[in-house]
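Chain IDs A, B, C and D follow the sequence of writing; residue 1 opens each chain.
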Amino acid sequence: MSHTDTNDGKIAHAHDPRYGINIMIWITLLSLTVITIAVAGIDLGNYTLLVAMFIAAIKSAFVINYFMHIKFEDLLFKLFLVGVILVLLVVFVLTGFDVFLR
Amino acid sequence: MSDSTVSTNGDYVNFYQYKGKHTGILGWLLSVDHKRIGLLYLGSMVTFFLVGMTLGFFMRLELWNPGQDIMGPQTYNALFTLHGIIMIFLVIIPGIPAGFGNFFLPIQIGAEDVSFPRLNLFSWYLYTIGGLLAVASLFLSGGPIDTGWTFYAPYSLRTGTEVIMPLMAAFILGFSSILTGVNFVTTVHRLRAPGMTFFKLPLFIWALYSTAWIQIIGTPIIGITILLVVVERLFGVGLFDPAMGGDPILFQHLFWIYSHPAVYIMILPAMGVVSEIIPTFARKTIFGYGAIAVSSIAIAFVGTLVWGHHMFTSGMSDESRWVYSFLTFIVALPSGVKIFNWVATMYKGSIKAETPFLYVMAFIFLFSIGGLTGLVLGSLATDVHLHDTYFVVAHFHYVMFGGTIFIFFAALHYWFPKMFGKMYNTKIANIALAIMVVGFNMLYFTFFILGYLGMPRRYYDYLPEFQGMHQFATVGSWVMIAGILLMFINLFLGLKNGKKSGNNPWGGMTLEWTVPSPPPLLNFKKIPTVKYGPYEYEHYDEVTNNVN
Amino acid sequence: MFETASDYAQNVDFVMLLIVGISVVLLLGITIAMIYFVFRYSRKRNPVAKQIHGNVILEIIWIVIPTIIVMVMFWYGYEGFQRLRADSEGAYEVKVYGFMWGWNFEYPNGKKNDTLYIPLGQKTKLVMTSRDVLHSFYIPAFRLKEDLVGGKSTFIVLEPSKTGSFDVACAEYCGLNHSRMYTKLHVLEDSEFDKWLKIGMPEEGKKDETKTLPKDSVKTEAILE
Amino acid sequence: MSTNSSTNVAHEEEHGHEHVHDLRDDYGSKLGMWLFLFTELLLFGGLFLLYMAYRFEYFPEFQLSAKSLKIWMGGLNTIILLTSSLTMVLSIIALQRRKIKASIYWLITTISFAFGFLVVKYFEWSDKFSHGIFPGGEELALKTQGEKIFYGLYFSMTGLHGLHVIIGMIILTFILVFIVKGKVSPDRFVLLENGGLYWHLVDLIWIFLFPLFYLLH
C-alpha cells in the first residue's frame, strides 16, 4: 500500500485469459434466456416474478464473475460489490415497508 | 522531485511560484495540482456563500412585518428556494471535502496528488458549469424557480417558473460530487505513504473516506430523481403525477434516499476537521481513535437507512413511520460517541485555546443543540407537530451553519498559515467569532420557539402574533452580518499583509505540518515513511524534526 | 397562540418536555465539562499533557447509556403517535379537500363548507385528499398535521377536549399563497353542532371550488389587509 | 518523485515541463471504474425501485400492457447484448495475447452489435409511436392510469438504458481509435478493460429489464 507497489502484479491477468471458458459462459447465458422465456409461458401465479428474478440473478452472477472478471479480482472489489448490492437491497426493503403496507 | 521544488539558485519554490506550462490565470484554470484545485473550489464556494447569505438577509428583511414589506410572495418563494439550493448544492456539500479535502487529503496521507488529477480538474469544471447554469436560470423567461430546495412533485411539475435548468444544474453538481468521491476513495486505497495503514490515517481522512462513499452511493439516486422530473416536465411520462396515476410520495422517497445521507456528506468532513483541531491544540493524542474512525463509517452506513424521517406526515404507511423513527434514533449514537470522545480528549490535555480551537468549542455547543433537536424531530409524536415549521428551520441551521459552516471557518483559520504561509490577526478573529455566536443564537434559537408555537416554514406572510419574535431574529441576522464580515475582512488583511507563519505554527503532528508553508508542487521532497499514529504526541519531536 | 385543545396535544407537550429535558441535561453536561477542561488543563496550568489513548469501559458506557436514552425517547414518541392512529373505529367522518389555495369540508349529509366544524363529544376522522399539489392540514392547537396527496387519501383523527375556535394552516409548500391558506376549526357542543349541521349556515350549498379565502378568521383578515 | 519508485511504476511527463503527477496504477484505475459502475447501478436502482412500487400497485394493468410488447424483439435484443458482451471479452483477451488485429476486429463486432441493438429498439419504439402510444400520445391518453404508468416506466427505463448503449458505443469507439494508434496496447490495456466493464454493465441492466417488461403474463 504505497507508491512503490501500485502495480505489483495485480494487473488484470492473475490468471491466464482463455477463450473457451468465456464461450461456455455465453452459451449458458443464452440457454438461461431461453429458459426464462419458456418459464414465463407457464402460469406460476405469484412465483412468476420470483423465478424470473432468480434466473436473472444467476445470469448476472455469471456476467459479473466471468465477463467482468470479479472472480479473479482482489478481495476488496468483491467486498465493495457485495456491500453496494446489500445497501441497494436494504433500500428496497425499507421502501417496501411503505409501499406494501400502505 | 527536487527539480520542481527548488529553483536554479537553490531556493525552495512553493506551488504558487512554480511555473508549469501555463502561467497566470491559465496556470490555475488548467492546473491539475490538487492544491490549486482545492483553492479554486474554496474561492468559488466562498463567493456562492456570500450570495446565499445575501438572499437570507433579504428574506429576514421581508419577514420584519407580516404582509408585504419589500417584495411580493413570488419573489420571496424564489428567494428561499435559491437560498436553499445555493447553500446546499453549491456551498456545503462540496465545501469541506472538495475544498479542504482536495488540498489536504494527499498531503495528509503522504501522496503527491490524488489518483486521478485530470478527473479532479474536470469535477471542478462541472461544479462551475453547474453553478453558472443555476445562476443563468434566473434570467430565463419563466423566472426564478420557486419550488423550495426539495423540488417536491407535483408542484415542481406544475409551476410555471423555470425548473428544468436549475435541475440540470443540480444534476451536473451531483456528477461533480460523484467524481470527487470516486477520486478520494481510490486515492485513499492506493496512494498512502509507506507505513500508513488504515488505522494510522488522520481522522479527517477517515471522515472524507466515509463521505466519499456516501457521495458514490447516494448521489445517483437524486440524479435519477431529477432526471425524471425533467423528463416529466418535457414529455409528461406521469411517474410522479397523481393525475396520471403517479405517486408523489415515491418522489419524496427517492429525494430523501439521497438527501438525508447528504446531510452526513455535509457534517462528516466537518467532524473530521474537529478531530484534527482538538489534538493539535491540546497537545494530546485523541481519545478513542478507533471509535471515532469507525463511527464515521457507521454514520455513513446507518445514515442511508433513515431517510423516511422527513416524511412522517407525508401519508406513508404507519409501519414505516415507526421503523424510520427507530432507525433515526440509532443514527444519533455514533455522533454522540464522537462528541464524548472529543470532550474526553480535552481531559488532562495541555490546551491552548487559539482561534480554531474556539471555533471548535462553539461548534460542539451549537451542533449539540442542533443534533439534540434532531432527536425531537426524530420522535414521531413531536415531529407530527413540528414538521415543516420553523423548528425544523432552526434545527438545520444549527447543524448546517453552527455545525458545518462554523467548522468551515475553523478550518479556514486552522489551515490558513499552511495554505498561504501567512498569519491573520488572532485577536480580531476571536472577536468576530464571539459576535457570530451571539448573532447566531439570537437569529436561530428564536426559530425553535416560533416553530413550537406553530409558525410553518416557507411562509411569506404570518400571523401578527409572531411578529415580535421575527423582528428579534432579524436583528440577530444583522449581528451575524457584522461578525461574518469582520471575519472575512480580517482573513483578507492577513492574506495581504500578515506576517510569515512558519511551517508549524500550532504544533500539529499530521503530515501537512512537516512540509513547508505553502507546500511545494508535489508536496514532499521525499515521501515520508510513517511509524506512528497521527496524534501520538509522545513522538512529537521525532515526527516533526523529520521536516521535509 | 399557544393552545392545547386535546389530551393528545397535552401528551405531545409531555413528550416534548421529556426529550428536551434530557437534552438540556446532556447539553449542559457536555458544555460545562468542555469549558472546565479548557480552564483546568490550559497550557499555563498543565504544560505537559497526559497521553490517554482511550478507555474501553468508558466508551462502552457512552454507547450503552445513550442507547437506553434514545430508546426511551423513541418509545414515548411512538406510543404517543400511535394513540390516535390505531383506533378510529366509529369516528365521525368528514371529508377534506385541499386545493390552491383553500379548503373544503364535506359532511356525511352532503353539506359542504370552507371552515371546519366538529362536535366535542366524539372522535372525528378527517379523510383528506388534494385536488392538485401537496398540502398539509395543520392544527397547531391539536399538535397534528398530515399531508393531502392527490389521488390518495390520508387521515387525521381529532379528539377535542374543549370547545373553541382554532387556526388551521397549510404546512406543505404549495405555491404563491401557501402562507395564506389559513382556515378555522370550530369545536362545538354536540347539540350546537347538530343544529349547525341541520339548519345550515350561510355557506350552505356553496360550490366547493370557491377560491375565496376564509372569512370568519379575524387573524387571517388582518394579514390580508 | 519518490526516489524508490520500483520499475513497474512508470511516470509520465506528457505536458511539456508541467509535472503531471501521473503514476501508472492499473489497479487504481480499475477500482475507480468499479466505483463509477456502482453509481450507475444505483442510478438504475432508483428506477427499479419505482418499478417495484408501481408493479405492486397496478399489477393487472402491468400484465395487460406487457402483452403489447413483442417478446421476440426483446429476446433478440437479449441475445444481441449477451453476444456483444462475449465479443467484448474476446477483444480484451486477444489484446492480452498480443493479437492486436483480432482485438480490433472483436471490438468492431461489439460496436456493431450495439448498433444492432439500437436498430431493434428503434423499430420497437416506432411501432409503439405509430400506435399513438408514447408519453402525451393520443392513444395512451385513453388508457387507464396503471397502463400509463407502465408505459411511462417502459419508456424511461429502456430509454435510459438505450442512452447508456449509445454512451457505451462512443466510449468503445474512442478506445478503438486508441488501439489503432497504439495508445492502448498489449502492455497497457486497462482502458480497454474499463470500457469492457462499462459495456458489461449495460448488458447486466438489460438482463433485468427484459423479464420485468416482456415476460409478465
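The criterion applied here is as follows: a contact is a pair of C-beta atoms (placed from the backbone, for glycine too) under 8 Å apart; a residue touches a chain by one contact, two chains touch by 3 or more.
Keep in mind that what you see is a predicted model, and the values were worked out from it rather than measured.
A.B. asks: Pick out whichever of the two, A-B or B-D, is joined by more C-beta pairs in contact.
C.D. replies: Result of the comparison of B-D and A-B: B-D.
A.B. asks: Between chain B and chain D, what distance separates the C-alpha centroids? Give it in angstrom.
C.D. replies: 34
A.B. asks: Can you give the whole-Å distance between the Cα centres of chain A and chain B?
C.D. replies: Spacing between the chain centres: roughly 36 Å.
A.B. asks: So the centre of each chain is just the mean of its C-alpha atoms; given that, what is the distance between chain C and chain D in Å?
C.D. replies: 48
A.B. asks: Mark out which residues of chain B touch at least two other chains, giving numbers and ranges.
C.D. replies: Chain B, residues with two or more chain partners: 112, 189-191, 217, 245-247, 249-250, 253, 257, 318, 527.
A.B. asks: Could you pull out the residues of chain C that touch at least 2 other chains?
C.D. replies: There are none in chain C.
A.B. asks: Residues of chain D that touch two or more other chains: which are they?
C.D. replies: In chain D, the residues touching two or more other chains are 2, 23, 25, 27-28, 31, 35, 38, 41-42, 45, 49, 53, 57.
A.B. asks: Once you draw an edge for every pair of touching chains, what topology comes out, line, ring, star, complete or other?
C.D. replies: Here the contact pattern is something else, fitting no line, ring, star or complete shape.
A.B. asks: Help me check something: in the complex, which residues belonging to chain D touch chain B?
C.D. replies: Touch list, chain D to chain B: 1-3, 15-23, 25, 27-28, 31-32, 35-36, 38-47, 49-50, 53-54, 57-58, 135-136, 144-146, 148-149, 152-153, 155-156, 160.
A.B. asks: Note which residues of chain A are touching chain B in the complex, please.
C.D. replies: So the residues of chain A touching chain B come out as 1-4, 6, 76, 84, 87, 90-91, 94-95, 97-102.
A.B. asks: For chain B, which residues count as touching chain C in their complex?
C.D. replies: 66-67, 73-74, 77, 146-148, 152, 154-155, 158-159, 242-243, 245-249, 282-285, 287-291, 313-315, 318, 321-322, 325-326, 329-330, 332-333, 336-337, 339-341, 343-344, 346-353, 361, 364-365, 368-369, 372-373, 375-376, 378-385, 387-389, 452-454, 456-465, 536-538
A.B. asks: Quick check on the complex: what are the chain B residues that touch chain D?
C.D. replies: Of all residues in chain B, those touching chain D are 1, 4, 20-22, 32-33, 112-113, 115-119, 178, 181-183, 185-186, 189-191, 216-221, 223-225, 227-228, 231, 235-239, 244-247, 250, 253-254, 257, 521-522, 526-527.
A.B. asks: Can you tell me which positions in chain B touch chain A when the two form their complex?
C.D. replies: Touching chain A from chain B are residues 111-112, 189-197, 217, 249-250, 253, 257, 301, 304-305, 308, 316-320, 323-324, 527.
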